[in-house]
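You will see two complexes here that share chain A, one where it goes with chain B and one where it goes with chain C.
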Partner chain A sequence: MYWLTKEQLPLLVQKLAEEYKIFGPRHDRVSGEVIFDHLPDLSELDLQAAIPYNPPKFILFPHYEEILKYRYQPETKKVRIEQLNLLEPKALIGLRSCDLTGLLCLDRFFLDQEYVDEFYLAHRKKLFIVSNTCIRPFPQCFCVCTDSGPAAREGFDLDLTFTGRDYLVEAGSKKGQALVEELNLVEADSESLNLKKQIIDDSVSSFDRFALENKAWISRATNRLTTGFIKPEVWEYIGNQCFECGACSFVCPTCSCFNIEDANLASGETSRLRTWDSCSFEGYTKMAGDHNPRKPVEDRRNKRFFCKLSYSQSKKYLRPGCVGCGRCARVCPGDIGLPNVVTYIRREITGESGE
Partner chain B sequence: MPYFRGVCNFCGTGCGHLLRVEGNRVRGVYPLSGHPLSRGRLCVRGWHIHELLQTEDRISQPLIKDGSSFKPVSYEEALDYVVERVKKLPGRQVAVLGSPRSSNEENYLLGKFARAILKTNNLSLSSDAGQEESARVLLEGCGWPAMTGTLAELRQADFILVVGGDLTKQNPIIASEIHHAHRAGTFLATISPRKTQMARLSQLHLRPKPGTIFYVLQGLGRVLVEEKAIDDDYLSTFTANSQTFLEELKQIEVEKIVELTGISREQMTELARKLKESNSACAFYPTGVQSLDRRTMAALFNLFLLAGKIGRRGSGVNPVTGISNLLGSYDLGLSPVFLPGYASVEDELAWERLENFWQTKLDRWSGKNVDTCLSEGEDIKALFVVDHDEEIIRHVNRIRQLDLIVYFGAYENPFASLAQVIFPRTSYVEEDGTYTNSERRVQLVLKRIEPPAGVRPLWKTLTNLARALGHDWNYDSVENIMSEISQLVPYYRSLTYEKLKARLGLKWPADDLHPEGTDCLLVEEASRRFRFVQVNGQEKKLAGEPEVQKDFPFKLVVGRSNYFWHQNSVMKRTFIPKREYNALLLLYPRGFVEISKEDASRLGLREKQVVRIVAESAEVRLAARISGDILPGMLYIPYFIDEMIPEFLHRQVADLEKNEEFFLPVRLEKVV
Partner chain C sequence: MVKNLVPIVSIPEVATIVDIRDEIEEVKSFYFTLDRPEIEEAFKIRSGQFIMCTVFRAGEFAVSLPFSPENDRKHISVRKVGKVTAALHQLEPGDKIGVRGPFGNGFPFEEIKGSNIIYVAGGIGLIPLRSSIVHVLQHRQDFGRVILVYGAKSSKELMYKESIREWQATENFETHFTIDRPEPGWSGEVGFVNHLTAKLDLPVSNTVAFVCGPPVMFNAVIKELKLKGIKEQNIYSTLERHMKCGIGKCQHCAIGRTLVCVDGPVYTYKQIRTLGEQI
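Showing the complex of A and B:
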């Protein structure tokens, strides 16, 4: 563990910018929104900013991405395929631990299974991750219920913890260690180690005071979802509120479903596109011959929460599919983000009334 | 690849979003959490606007018809072609159709181009069902032609009434706000023959027979009086003609209304009592893609006036526009009945003011909307169309007879093939412009990407045309046009780009009294007393002929919003929304008619069985779709143009699409 003074922070960012394209949280002046964004102007980086409204997912798995280009030549009846070079070193600075956990879930989906997704891999390969401990939770947070915060435990190159003035820095990789040494950071003593632990403990115990928007009984809900003992009426109730917009999937740091489209370009080439998709859409599971295993909206909702929380899914990711960032609750037009759904499940278990 | 703040351009909600721009491409979209209305939400359309903005189906250079195809030409050639032909045409032979998706600046200029240069008063907008009537009703009632309440304060209302339409599909984020209010304790009622999602979420759903919402609202007024739920002080202080209205209400017999509408007295009483108990109450109805008839809008306004809910903070009668800048386009006079700022075309002084302001002579004859121009008579010889949305295509045979059709569009469109001249234009992220949403919020959208090489914005092309026709137009930016608007239109008086750049919109009236805009209409600030809106005897009559109902026992209604995301010309250029739309199309490739479970079992119909729908003048075969969402005695056809719109609906389409309360008496026969 090392100390990074407030004055050294810009040096760290500068150093990274020499090699990487810098991403991090910034404020939109007019709306006040915190956006995780590419920062051509490094001074916009704000590590004290609240959790960004968008997860960093788009950097590795863009909303809309051209993954291939090809041209069919009718004369020769040949197809010429153009490989796209996606490799671009990127540094994500100030990642919150929920979002880092989300990224690790995406890794398991795209890289750790039989098939390795080369496009995701290309984005992922040259990534430098600087995580940032949440010394105080934000109103929508419930990462303590999903074991994904408030501090990162793995997956970072450097991990920062703000101590009031300076940052405690932990190196999580060789790359991170090298940078720490290059910057000549002062090594922290064992007392500082205790300080970090204290800061994290304080953060956890302040959830009751600050993180008031959502309460999630994740473990009970996981149990219930896994055993399938949730009454159909609960799903019907949830289905009735769904606007079928797909937002819950789009804002989820761990949602990885995508759609593939071939778009013909004016140039005569065809562009193969990968775009975000969502299980809330009817067309998502529609099969040939008018079959749809999940036609009613409540079946689609059921599937989403099964995917996020059931035990069998968790085995695949080695953790729940929810990282407790609370974004789906804020973005949902029907007020059926994951925390509310868990509440409905809890009500069913405890027999509490609706209010 | 930074995210840039902007405003969604699909429906009249005007949600805030962030567009991710990479190179010169819009590669993604994300909701803006700080937006005062959308608060970090988008609907399925909004979440895919970048797919539309990616499309390569652009019109990228001016074209002139050459035999059966088009040849690319320079702007100058295209301008010359138009100038030469237009010069000879009297204004009465020209009609101009604008797009409610264009910015305020471009639609103002289009209106000015029509009136001041083409000398025509035949100008209107596509997809504006009910907007004109809504503005007239509200002007008559309270002198304010749009939403009297505000969406940003909707959550504070303790009574919300949604009349007609399918808000959850049409303006999902407004519906979400209502949903949110409802979950927090607001009483929510819906009046609609169909069981929409909004109806399912409501505490009280009144399901009147098709065409009878007007009577339900009248009945509610009568019940309010019976319940002694009217505020005499409010009526005597703030309204001008309450005595006459109350006299008329006395004539109404609730029992007759119960019989006519199928709504029980108890239900009406419950709704009336909740309205009475509320401190703040809002009503919502759709305009644009689908709307109500005049009498129903008037009755709704009158009901809320009677309850003392007009001009109070947190309350209001709120028309919701289906398309992004429908309200703004009306504000700036793209209408045969309103000059910019809602001055009436019957007001001689307003014409004089406009002549002085535009420094040109104007013709006073009364214009028509383009639909009427094309369906009546042979006067029209030339047509100017901006971004056609598959609405006037039903007049295709008439359109083919015209001498000149000029089309301005950003995207390829089948309509363009009818034109002699085609001008490309920029898309909404390729030029600055302001857009006015349903709650009168004027929002500035800044240019984020460069247009395809050489493509000019509409305002530039119009300016060039004006100059080529000998008029001294010298706008050099859209900001220029906005400063002209702010001098002419009182509601827009204090709007400047500088101000709008620093804010997430300002709600008109923005004038000397309210330089920062106005949240809602307040009775204390109203320029005159409110009036109950007159509904004449003819309008009060029951729609549909009673004697034909024996042969045609079903009431056929059409809906445009449920499976149809506004103009297909727009949604077809996306991937995910198109897929969702196609999912239904694949199930019912030749269209469907919804029939209630009760009628289906009585007639022994099964799902997808082909039936024949017979109207007085035509018939059509469709697959039956058995639904719990509609009433017995009612049939419902989603109105999909081309793919699913049956030919026979085309005859009635003008009425059917404008007014949700209109129905067609039909009978249903099994095909053996």
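Showing the complex of A and C:
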């Protein structure tokens, strides 16, 4: 463990900027909303900012991305397929532990299954991660229910914990360690280790005071979702509130469904685009000839929660698919963010009456 | 089931259409060879697998492979049903397509040696079963009774007439055909394929069944096979879904906890029944 003074922070960022494209939390100039974004102006980085509106998944899995390009000339029967270079060193600074956990879920899903997703891998290859302990939860948070915060435990190169003025720094990898040494950071004593532990403990115990919007005690819901013993009426109740807007999927750190389309360009080339998709859309499972195996909205809705909480899906992520960031609850116009859905399922289990 | 050799995962390999045959109305077979000789050489499949086929400037679609893993010409048989397949139907010999795959688990072959096999197909449901039929007939001595029960709306809707004639020339291959309504000149059965299945004297013990066709036909046939005493774990089928990646990432083909592209497309009826979604 090391100390990074407030004055040294810009040096760290500067140092990383020499090698990496820098991403981090900043305030949107128009709305004031905190967003996790590319930082052309490094001074905009705000590590004290609230949890960003969007998770950082777009950096590894962009909203839409050209994954390959081809030119086909029917007259000459010539095809030229161009594989694109997606590799770009990127540093993610100030990642909250929920978002880091989400990223690790994506790693396991895209890289550790039967097939490796080559496009995700290209983005992931040269990544530097600086996580940031939440010394106090935000109103929407429930990471303590999903075992993904308020402090990072794995997956970072450097982990920062704000102590009121300076930061305690933990190196989690060789390249993290090398950077710490390059910056000549002062080593922290054993008392500082206790200080970090104390800060995290204080944060956990302050959830009852500050994280008031959401609670999601997921374990019993997980059991029900896995075994499928949830009454159809519960899904109907949930489905009736769904606007099918897909916002929950788009702000979820672990949602990664995508679509692939070939777009013909004016240049005569064709761009194969991979774009975000959502299981809440009606066309998601529709096949050619208009046969759609999933029809009613509640049928589609329960798939998302199955994906987030069932044991079978957890086997892919090696943990639950929900990381407790509370974003889905924040954006859902129908008020069926994950915490509410968990509440409805628990209500059914305990036999309490619904609204 | 054995896992596959290395498939073409992300970037399509270019292939040339060498021959096109009209099968039935709106269905054509496209014979192809892969342009790069080393890829053509390495491209090995198992019955029941599928590829992602690119029609340049139109898009990509998932399609089952009807050819045998051994000594059979590479082809796909495709019904014109959407935007991309319509574009494919416009193509001529010499035109190029893109190929990724083969993907998916495939039908069991080694595991079922020594068994009787019943193939039950409805309409273009014969396409995904063709590969297994040809492969089994190529190893006829390794199997017990081999029976094809095949039904279609009309005689014009029966797929692979030429292949069927060849198969019928094979010793010990029983075939039973039915069409929905009587037709002049039709000497086979009339009625639905499930009714024909019910009537036939089929083996039950040491028997596996492969069933493929539209959902209504599928469910009706399963019912008959179960009534006869064939176990759910010995009834195989192959499922279709909207697929985008073929490698278990896009999630479009999720059924319950499985992904058709990597866990399927071949499932036993026992598995299908517990997927938790309609097929």
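The rule is simple: the second predicted complex is superposed on the first by the 347 of 355 C-alpha atoms of A that agree within 3 Å, B and C clash if a C-alpha of one lies under 4 Å from a C-alpha of the other, contacts with A are read in each partner's own complex, and residues count from 1 in each chain.
Just so we're on the same page, contacts are C-beta pairs under 8 Å (C-beta built on N, C-alpha and C of every residue); 3 or more make two chains touch, one makes a residue touch a chain.
Every value quoted in this text rests on a predicted model; they were computed, and no experiment measured them.
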item: Combined model on chain A where chain B meets chain C, clash or fit; value: fit
item: Which of chain B and chain C A:N259 touches, first, second, both or neither; value: both
item: Partner chain(s) touched by A:K286 [first = chain B, second = chain C, both, neither]; value: both
item: Which superposed partner A:D277 touches (first chain B, second chain C, both, neither); value: both
item: Contacts of A:D335 with chain B and chain C, given as first, second, both or neither; value: first
item: Touched partner set for A:F243, first chain B, second chain C, both or neither; value: first
item: First (chain B), second (chain C), both or neither touched by A:D37; value: first
item: Apex chain A: angle to the C-alpha centres of chain B and chain C, given in degrees as a multiple of 10; value: 80
item: Least C-alpha distance (whole Å) that remains between chain C and chain B when both complexes are overlaid; value: 9
item: Residues on chain A lying within both footprints (that of chain B and that of chain C); value: 259, 261, 264, 277, 286
item: Footprint of chain A on chain C - complex, ascending; value: 9-12, 14, 16, 54, 56-61, 81-85, 94-96, 98, 240-242, 244-245, 247-252, 254-257, 262, 276-279
item: For the chain A and chain B complex, residues of the former touching the latter; value: 28, 30-33, 35, 37-38, 40, 53-54, 58, 62-65, 240-241, 243-247, 250, 259, 261, 263-266, 273, 275, 277, 281-283, 286, 290, 330-335
item: Residues of chain A touching chain C in the complex; value: 67-68, 70, 72, 74, 77, 79, 81, 83, 109-110, 113-119, 228, 256-262, 264, 270, 272, 277, 279, 284-289, 293-294, 299, 303, 306-307, 310, 312-313
item: Contacting residues of chain B [partner chain A, same complex]; value: 1-3, 5, 16, 18, 20, 27-35, 39-44, 46-47, 50-51, 54, 56, 58, 60, 168, 172-173, 175-176, 179-180, 183, 197, 200-201, 501-504, 575-576, 579-580, 582-583, 586-587
